[in-house]
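Quick heads-up: structures coming right below.
In the two complexes that follow, chain A is the common piece, with chain B as its partner first and chain C second.
Our next item is the complex of A and B:
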C-alpha cells in the first residue's frame, strides 16, 4: 500500500473523529471559557471554589475506583477458572453478557422493583423471618455501585477471558514440573502475563463507571453521596441552563479520567507486554 | 542423578557413568489411561535402570505423550502403579515428584529472562539467593548460553530457547528427566546439533531420561532402549540395534525405515527361512512370527538393502520410474515386472526408464505374517 492509499483509507476514520469527537470537544472547551460573567476561567474557579460542587469529584472517584477494582478482582479468578473451557461455559458467558445489552436505565428500573421496600428481595427475607421490616437498599451508595458493576463487569470479564485463554497452558505445566503449586504458578507466571490485561480491563471499567449518570440518579442519593460529576454538569446545564458552567464541569471530568488512565497505562508500560506463549505454538 | 552431590551443581562433563548405579530406578506397572471409552494407553509395563535413556517412539496418537504426562504427574492414571527407587509415586502431584521436563514448544516463561527462567524452580524451592545464582550460572554454562542469559525468550532462536528449557530442567537436579519431542520444532541442522548436545549431557550427567519422539533417527541415535508404541500398546522394547535389525512386526518395520512392504504369499517355511512370492517377485527371507506356508505375509526390506544394477538379467527385473539425488547416492522408485513398486538406493548411475536387476540378501528381507492372519 502506498502512503497515499493509506491516507485515503484513513479518511473516513479521520472524518468521523473530527465530527464526533474533535468538534464537540473543541466546542465544549470554547463554551467553558466563555462564561456568562467573569474571566475565561470563572467557571472553573466557581466549581473548585464551591465545596458542594467540589465534593462531586470525591463522590465520582468513590464510586468508580471501587467499581473498577471489584470488577477486575472478580473477573480475574473467574476468567482463570474458565480458561480451559468449562461445562456450561457458553450459558455462563451469555448470562454474564446480558447486562451489557440491557443498558443502565433498564437495570436501574429492574433493581428498583427487585430491591424496593415491597420487592421480592425484602419480601423473601421477611417471609423467612430474617428481618422484621424492609431493609433500605435503594437510594444508597451500594445500590449505585451494584448497578455500575452489573454493567461494567461483563466488559472486564470478556477482556480478561481473552487474555487468560491466550496464555499457553504448557507454561502452567512447566511451572508445576519446576515445583510450583497452584498459588506459586498463579503468582509467578499467570499474574504477570495477565497484568497488561488487568490494566486494560481496569481502565475500561473505570471509564464506564466514571461517567455514571442514570443509576446515580435513579438508585442513588443524587443530592448526597452519589452526586457525581455528571450530575453536577447536568444540573448546571439543564437546571440552571448555564451551558458554559456545565461544559467546564464536563471538561474537569474528562481531565480527571485522562489523568487516571494515563497513570494506569504508564504503569502498564513498565510491565511485560509480549506474547503469552512459551515458544513456537 | 548418579552420585549427585546433595548441595551442588550439575556435575561437570566427564566420562560416561555406568547405567544401573545410583538412584533413578523407575518401574511402571500396568500404567493405563482411559478417556471415557477411549484407551490412550493400555497397561504399560516398563522397568528403567538408573541412568538409562529410554525413548518412547511411535506415530502421533500412539500414547507416547500420554505415557510421559502420566509419568510427569500432569495426567492421572486410570489404572496401574509407578515406582521410583522403591517408592510409589503415582499419587504425587507433578510439583512434588521432582522430575525435570522439557516440552516440545519449549514452554519458557516469556516474561522472564533466560536466567530467571533457569532460576525459577530454585526460587520456588526457596533457595538462598547466592545458591540460586551459582547453580543458575552453572546450568547456563552447561548448555553454553552464558552470553544470552539476560535475554528474554522472544529474543532467542528456537535452538537457544530449547537449550534454556533444558538448563531449566537440569538445574533442579531431577531424579528423572522427561523430554517431550524437544527437537521437533527445530529445523534439520539445529535438530542434529541439539541431538548431539542432549546425548553429551546424558553421557556426562547420567540422568535417567525418558524421551518421546516420532523420529526413528533421533530414537536410534540417543537411546539405550526403545519402546515402540501403537494405539496405546507397546509393540516392541529393545536396544537400537535390536529394533533396527529385527523389528517385531510389520508395523515396527514400517516405522523403522523398512520402506518397502510388499504383500506376498508364502511358498515354504524352513528353519526360519521363508520363500515367498508375489507377481514378478520370488524372494527368500527371514520369517519373523508365525509365518505359515500357503498363508499371506508381508515382506519388508530397507531401500539400502536392495542391490540394484543396470541390465535385465537378475532375479528381479524392473524399470526405473523416478530418481532422487541424495548426495553420495541415488534413490529410485522402481516398478517391478509384476507391477509392485520398490524404493531402492543405488550408488551407481541410474536414470528414469532404465531396465535394472534387483537382488535382496535373505537375511535382509524380513517376512511377517499379514495383519489378520495372526498378530505377532
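Our next item is the complex of A and C:
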C-alpha cells in the first residue's frame, strides 16, 4: 500500500472523527472556560465550590467502584469454573448477552414493577415469611447498584470468559504434573495469566458504571445519594440551558474516568510483567 | 484435566457458587422481564400475583400516545444508516491499520480509541450544542451523526483484527496476475471481508438500538428512537398507564432481541462484549 492510498482510505474516518469528536471535544473545553459570567475558571470554581454539586463526584464513585469490584470478583471464579467449557455454554452465554443488549433503560422499567412494594420479588419473600412487610428497594442507592450489576456483571463475566478460555490448558496440566495443587495452580499459574484480563474487565466495567444515567434517575434518588456526575452535567446543559457549565462538568467526569483507567493500567503493568502470554483477546 | 483428580473442596465450593450466583441472577432477571410482558397485557394489576384480566388494547393505546410505529420506523432507519455509514468509513480505515506500518500510527490509533474511552457526555454535550446551533439537532441526520461517533471506532476495532488474519499474499497474487487495485478489491478482497463486515454491522445495529445517552441529547418529539421514547415515558410515569409504557418496552425488547438473535448466528456471545486487543 502506498502512503497515498493509506491516506485516502483513512481520510473519511479521520475527517469524521476530527469533525464530530475532536472538534466538539475542543469546543467543549473552550465552552467550559468561557462561562456566562466570571473568569475562565468560574464554571469549575462553581462546581467544586458547591457542596451539592461536588457531592456528585463521590456519588458516582460510590456506585461505580463497588459495582465494578463486585462484578469482577464474581466473574473471575465463575469464568475460572468455565475455563474448559461447559455443557450448554453457548446457551448460557447467549442468555448473558440479553441484559447487556437490552440496556439500562429497559432494565429500569423491568425493575420498577418487579422490585416494587407489590411486585413479585417482595411478594415471594413475604409468602416465604422471610419478611413481614415489603422491603423498600426502589428509589434507593441499592436499586441503582443492582441495576448497574444486572448489565455489568454479564459484561464482566463474558469478558473474563474470553480471556480465560484463551489460556493454554497445557500450562495447567504442567503445573499439576509438577505437583501443584488446585489452589496453587490457580494462585501461581492461572491468576497471573488472568491478571491483564482482570484489569481490563475492571476498567471496562467501571466505565460502564461510571456513565450511569437512566437508572440513577429512574430507580435512585436523583436529588440525593444517586445524583451522579452525568445527572449534574445533564441538568446544567438541558435544564439550566447552560452548555458552558454542562461541558465543564462533563469534562471533569471525563478526566476522572481517564485518571482511574490510567491508574488501573499502571497497576496492571506492575502486577504482572512475565513473558508467558496467555490471553487470546 | 479436571477429570484426572477427585473434586476437592475448592472445586465443590466453586460449583455451588457458580450455581447460586447464576441462578439468583437469571431467576430475578427473567422474572423482572416477565413482569413487563405480563403487565403490558394486563387490564389492571394492582397487587396480587396476577392481573385481573388480559387485553391487547395497550398496544394500540401506546401507538396513539407514543407514536410507537413511527418511533419504530425511525429507530430502524437510524440504526441501519449508522451501521452502513460506520462500515463505509470504518472498513477502509481498519484495512490501513491492519496492513500498513507508518509513522504516526499510534496517533491514529489513539484517535480511534479515545471516543470509546471517554464518557459520551464529554463530547456529546458540546456536539449537541453545535447541532442545535446548526439546526441539525432533532433531525434524522443529527441523530445519525451523533450515533456514528462511538459506532465508527467500534467498526474499526472489530475489523482490524479480522483483516489482519486474512493472508496478504492473496491480494499480492491477484496483483501479480494483472488485476487492477479496483478489481482486487471487488473480486478478491471484498468477498473475503463480507463475513467481518456483516458481523461489525450487526453489532453496531444492536449497540445503536440500546444507545440512550447520545440519542437523548439531540432527539426531538419526532426524532426519538425506541429507547429514548421508553425513557421519556418512564420519566413521566403516572401520566399514562404503566401498561402502555410496558407495551412500548415489549416492542423495544422484541426489536432488540430479534437483532440479537440474528447477530448471534454470526458471532459468539463473548465477542458481543468489547474485546480489547493487547
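By our rule, the second predicted complex is superposed on the first by the 268 of 281 C-alpha atoms of A that agree within 3 Å, B and C clash if a C-alpha of one lies under 4 Å from a C-alpha of the other, contacts with A are read in each partner's own complex, and residues count from 1 in each chain.
Please note the rule applied: a residue touches a chain if its C-beta (ideal position, glycine included) is under 8 Å from a C-beta of that chain, and two chains touch if they have at least 3 such contacts.
Everything numeric in this text was worked out from a predicted model, so none of it was measured.
By the touch criterion defined above, A:193 reaches chain B but does not reach chain C. Within the superposed three-chain model, A:177 lies in touch with chain B and out of touch with chain C [touch as defined at top]. By the document's definition of touching, neither partner reaches A:126: not chain B, not chain C.
Residue contacts after overlaying the shared chain place A:221 against neither chain B nor chain C. Put simply, more of the residues of chain A are touched by C, taking chain B and chain C as the two choices. In the superposed pair of complexes, A:168 makes contact with chain B only, with no contact to chain C. Shared contact residues on chain A (touching chain B in one structure, chain C in the other): 173, 176, 181, 277, 279, 281.
Residues 1-2, 4-5, 8, 10-11, 14-15, 17-18, 21-22, 25-26, 28-29, 31-33, 35-36, 39, 46-49, 88-90, 92-93, 95-96, 99-100, 102, 108, 111-112, 114-115, 117-130, 145-146, 148-149, 152-153, 156, 181, 206, 210, 212-213, 217, 227, 230-231, 234-235, 237, 242, 245-246, 249, 252-253, 256-257, 260, 264, 268-278 of chain C touch chain A in their complex. On the chain A side of its complex with chain B, the touching residues are 168, 170-171, 173-181, 184, 188-189, 192-193, 272, 274-281.
Per the touch definition, chain A reaches chain C in the complex via residues 1, 3, 5-6, 9-10, 12-14, 16-18, 20-22, 24-25, 27-28, 31, 74, 77-78, 80-82, 84, 90, 92-115, 118-121, 123, 150, 153-155, 158-159, 161-162, 165, 169, 172-173, 176, 181-183, 186, 196, 200, 204, 207, 210-211, 213-214, 217-218, 230, 233-234, 237-238, 243, 246-247, 250-251, 253-254, 257-258, 261, 277, 279, 281. Those residues of chain B that touch chain A in the shared complex are 72-74, 93-96, 98-101, 103, 105-111, 120-121, 123-125, 152-154, 158, 161-162, 165, 168-169, 172, 178, 185.
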